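Heads up, there are several structures right after this.
One chain, subunit A, appears in both complexes that follow, with subunit B as partner in the first and subunit C in the second.
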Partner chain A sequence: MSEYVIEVENLSYSYPRKANVLRNISFKVKKGEVLGIIGPNGAGKSTLCKALNGLVPHFYGGRFSGRVVVAGMNTLEHTVAELATKVGLVFQDPEEQLSGVALTVYEEVAFGLSMLGFPKEEIDVRVKEAIKKVGLEGLEWRAPFELSGGQTQRLAIATVLALKPEVLVLDEPTAQLDPIGKFEVFSVIKKLAEEGSTIVVVEHEIEELATFADNIMLLNEGRVVAYGPARKVLGMVEELKKCGVNPPSVTELTYLLKKEVGVDLEVPITLEEAIKIYGEALGVM
Partner chain B sequence: MGLLRRTIAEVETFVHRLDPRTKFFFFLWISAFAYLFCDYGVTAILLAACLALAAYARVLRPIGLTILIIVLPWIAVDVFVLGLGPFGFPWNETEIFRFNIFGYEVPVYYEGVVWGVTWPLRIGVCISSAMLFFLTTNQARLVSLLVKLRLPYRYIYMVIATLQMIPMLVDEANVIYQAQVSRGLRTDVSLLKRAMHYFALMVPLTLSTLYKVQVRAIALESRGFSAPVKKTILYRTTFATEDYIFFAAMAVATAILLYVYFTYGFSPIAKMRFYIIAG
Partner chain C sequence: MAEPIIKVENVWFAYDDKVVALRGVSLDIYPGEMIAIIGQNGGGKTTLAKHLNGLLKPKKGRVLVKGMDTRYTPTHKIVKVVGYVFQNPSHQLFASTVYDEVAYGPKNLGIEGEELDKRVKWALSMVGLEGYEKENPYDLDYGKMKLLTIASVISMDPEVFVLDEPTTGQDHRGRMILADLCKKLNEQGKTVIVITHDMKFVAEVARRTILMADGRIVLDGPTREVMSAIDVLRKAAIKPPQIAEFSYRLREAGVNINAITISEALEQLKALLSARR
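Right, the complex of A and B next:
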């Protein structure tokens, strides 16, 4: 079996009424890897996420070419329901992804499992595990609509974690959350990343992404502009800026210090790294 | 937002604990008796029983409000149309009294008044018992009931989701209306114009609803909704002691009602000669 959980080769896609949303995209993701996808609005990030669980093209139709293989399953040859246990997709708006028929957090997490016909005993075990993983213990019998934004998004993550997917795909999971909600959700993602989950995450919060992503892909107008280790891609300040993506502040500062003043420092991508690098440069560490 | 959210999740009474089948049977049972008797007294007692259960289950407010909005105005119109004059109702024959209006003597007939009161009360019994079932039944248990009735899961979801979508749509309409008011939509206009404003909501509301439906469909599909397997139902519906007690009470009430029915002939076929309550 391949060491890669996700293999995307020459993927191109057009919606029925929007052409060339994805153009010739290729990448591979290893088990336990965290891939961050960044890019401006309309770059094709969400479409790429939907291609990973088969919604593109099964749900939307359109023109699809290339090959997407997730956990050994070619997405063209399997239904979205079959892929549901392989790829868990979490959407931007936490409320829109809830089933709408569950009155408690427990029932909401159990929904997908019951749709897939899991035995009740296993559903119970998996639901409890998933709720624990996202830190919603004690809220099992609370109604989903009573949760805060961050809690609702964590619930959404739990609903896909319960299916034990081999890949977790998060499409801008913090876009509609307040700072506390963002913190809660990032904490869960980081924890899952540390535990070895394979994660593909679309995120505008580059500074947070830099703290846990192994690789980053920069998309623009449906094309891959840059792809590689997070440090390398986030260090491409000019390219990021050209695409309308702000690099981490500390990375941009270091870049400008070199460009404008001639101070040549190692390029940090997180605040912690910057403190260390600047501290050493200033001789205080 | 929404009736469900204020009731089922927050309270747990004897009525809530009843098996959905028991409550559904109660709805059918009491509605059948409301139609079997053509008598405002008996029908009012049946409605009072529903409202008493609603009060006990702490859902009197939404049910009572619905009854007030539907039944009372209906009675007012029906009594006026059916009770006045000899032609308002085909079986009008017993004149109760006359009153003078603009120099005309207008007779008020007993049969028309009774019919005008009884029919809305019957509808009130049906509505209140149906709402009692709906407002006190956990959706998961409702799903379980519908599965037992062998309804395909796709249709079961459609029923449940529709019930949930209504309050969501009301919220969405409010948001769009407020957005339009913020952009200069005038509110200090006549009632007719304000009604026209609501038509202006239709296009954005329809578009936003279609979008939400699509997103919901995608989310469901991603969670295996259409997987060709037998769905697991989390809650098995089982009759408990409370259900048997409730059935016993219904059996006693059935015996009493049937005794009254066969003794006094409270039947619509008897064409109104059986109204002992009104004399």
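Right, the complex of A and C next:
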């Protein structure tokens, strides 16, 4: 198998009623890599996520060209069910993810596995492991509807992790959460990234993304506008703003200082980097 | 100073016997203020906001809107003064055209004919939806739907606007449009109260910020002071805007900087860096 978990080549796609949602997109994701996808609403980010687990085009139909290969499987040659064990897709709204029939957190995480016919002992091991990974230990017997927003999204992530996918795809997983919920979910994603999971994540919270993404892709109107190491893409302040995306505040601040006063500073993409750079420049560190 | 347009006096509220949502909240809101209410879900923000236009009535204490006690005043009188924009547009939209949606409120207030038409046009132009009059609200994208819900409140021309999480689900461009709209309403003399999790939005737009937790007001003051109370915000698990934290950390290290927005930090750092050269 190649060193890449995801290989996308010249992917173009139109929904039956909406044309050119993705235009000639190519990228690769290595094992253990975190790819962040950013861009304004309507850029094609969610559609790209759905192309990675085969929902596009199997479920939605439409016109599809190019090639998407995930964990060695060409998505056109495999069903969504087959792909589901390789690509774990987490939606923005956790309610969409949950079965709605499970009475407890434990049952919810076990649901997908039992649908796929796993033996009971294996299910038990995997469920416990997934619940631990998202930090929901102790809430196994709680009803899913009793959970907070952040807990519900972590449960949704656990249901996907239990299938042990090769890659985790998260589509704006924190968009609907309050600050505590966002913090909880980002903590889980960062931990999974540190443990070596391969992750593709769509996020509007650029300042958070900057702290853990290896590569970043900027999408606009279905096209890749910028793609590369996080530092390089987040430093492209003009391009980001043109697409209606906010760079991290400390990045924008430094960009403006360099432009307006011509100071010679490294460009930070995280708060910690900024404190260090400015602390030194101002002679207090 | 002018009389408060809304007085909240020691308000207690519970949805049932178990969940106490507000625990003795007191608050004066003056005409022309631009206020953000922040805090975690379950902290009481939305419950408080729904008291401001009589959607909810206090179990104890009282709310006065232009002197009218919300417990004894019919709702239609209160909504003339305080307009409420719900978080989820689909909870609010129901007409089959954009025009009818915006016309519905003022029609109910008894406005008709040319005056009605004028109101609708004005409201649509405030949010930049001129030209969409005949569209079905549900054919609009999410950002425009949100603007439409605001237009349908603008057309009633209330003195106070309460917006519940207007920036949720919006991208950067949508946030900018909403920030400009809040400022524009405020410049026209409207009192604007925004419930939000978006701290960058708060720093850029609100002059006064109220932090709620566990049904109580924890902080209430000028936005700069609230955003600089990093320790209190941390305790409430609120992440201040990146620039406020950046400025706080540098200040701790001995740098004379106090900024909560990029433009403030830019000006102060320009001076600090040129002084070192």
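Note that the second predicted complex is superposed on the first by the 285 of 285 C-alpha atoms of A that agree within 3 Å, B and C clash if a C-alpha of one lies under 4 Å from a C-alpha of the other, contacts with A are read in each partner's own complex, and residues count from 1 in each chain.
Convention: a contact is a pair of C-beta atoms (placed from the backbone, for glycine too) under 8 Å apart; a residue touches a chain by one contact, two chains touch by 3 or more.
Values in this document were obtained by computation on a predicted structure and should not be read as measured data.
With both structures placed on the common chain, the touch criterion links A:N24 to neither subunit B nor subunit C. In the superposition on chain A, A:S12 makes contact with neither subunit B nor subunit C. Using the contact criterion defined above for the overlaid structures, shared-chain residue A:G283 touches subunit C, although it does not reach subunit B. Shared-chain residue A:V245: touches subunit C; no touch with subunit B.
Of the two partner chains, subunit B is the only one that A:V101 touches; subunit C does not reach it.
In the superposed model, A:T79 makes contact with subunit B only, not with subunit C. In the superposition on chain A, no contact is made by A:S187 with either subunit B or subunit C.
For subunit B in complex with subunit A, the residues that touch the partner chain are 1, 4-5, 8-9, 138-140, 143, 157, 160-161, 164-165, 212, 215-234. Contact residues on subunit C toward subunit A in their complex (touch as defined above): 40-42, 141-143, 168-174, 197, 200, 237-239, 241-243, 245-246, 249-250, 253-255, 262, 265-266, 269-270, 272-274, 276. Across the interface of their complex, subunit C is touched by residues 40-42, 148-149, 175-176, 178-183, 204, 207, 244-246, 248-250, 252-253, 256-257, 260-261, 263, 271, 274-275, 278-279, 281-285 of subunit A. Of all residues in subunit A, only 50, 53, 55, 59, 79-82, 84-85, 88-89, 91, 93, 96-104, 107, 110-120, 123, 143, 145, 159-160, 163 touch subunit B in the complex they form.
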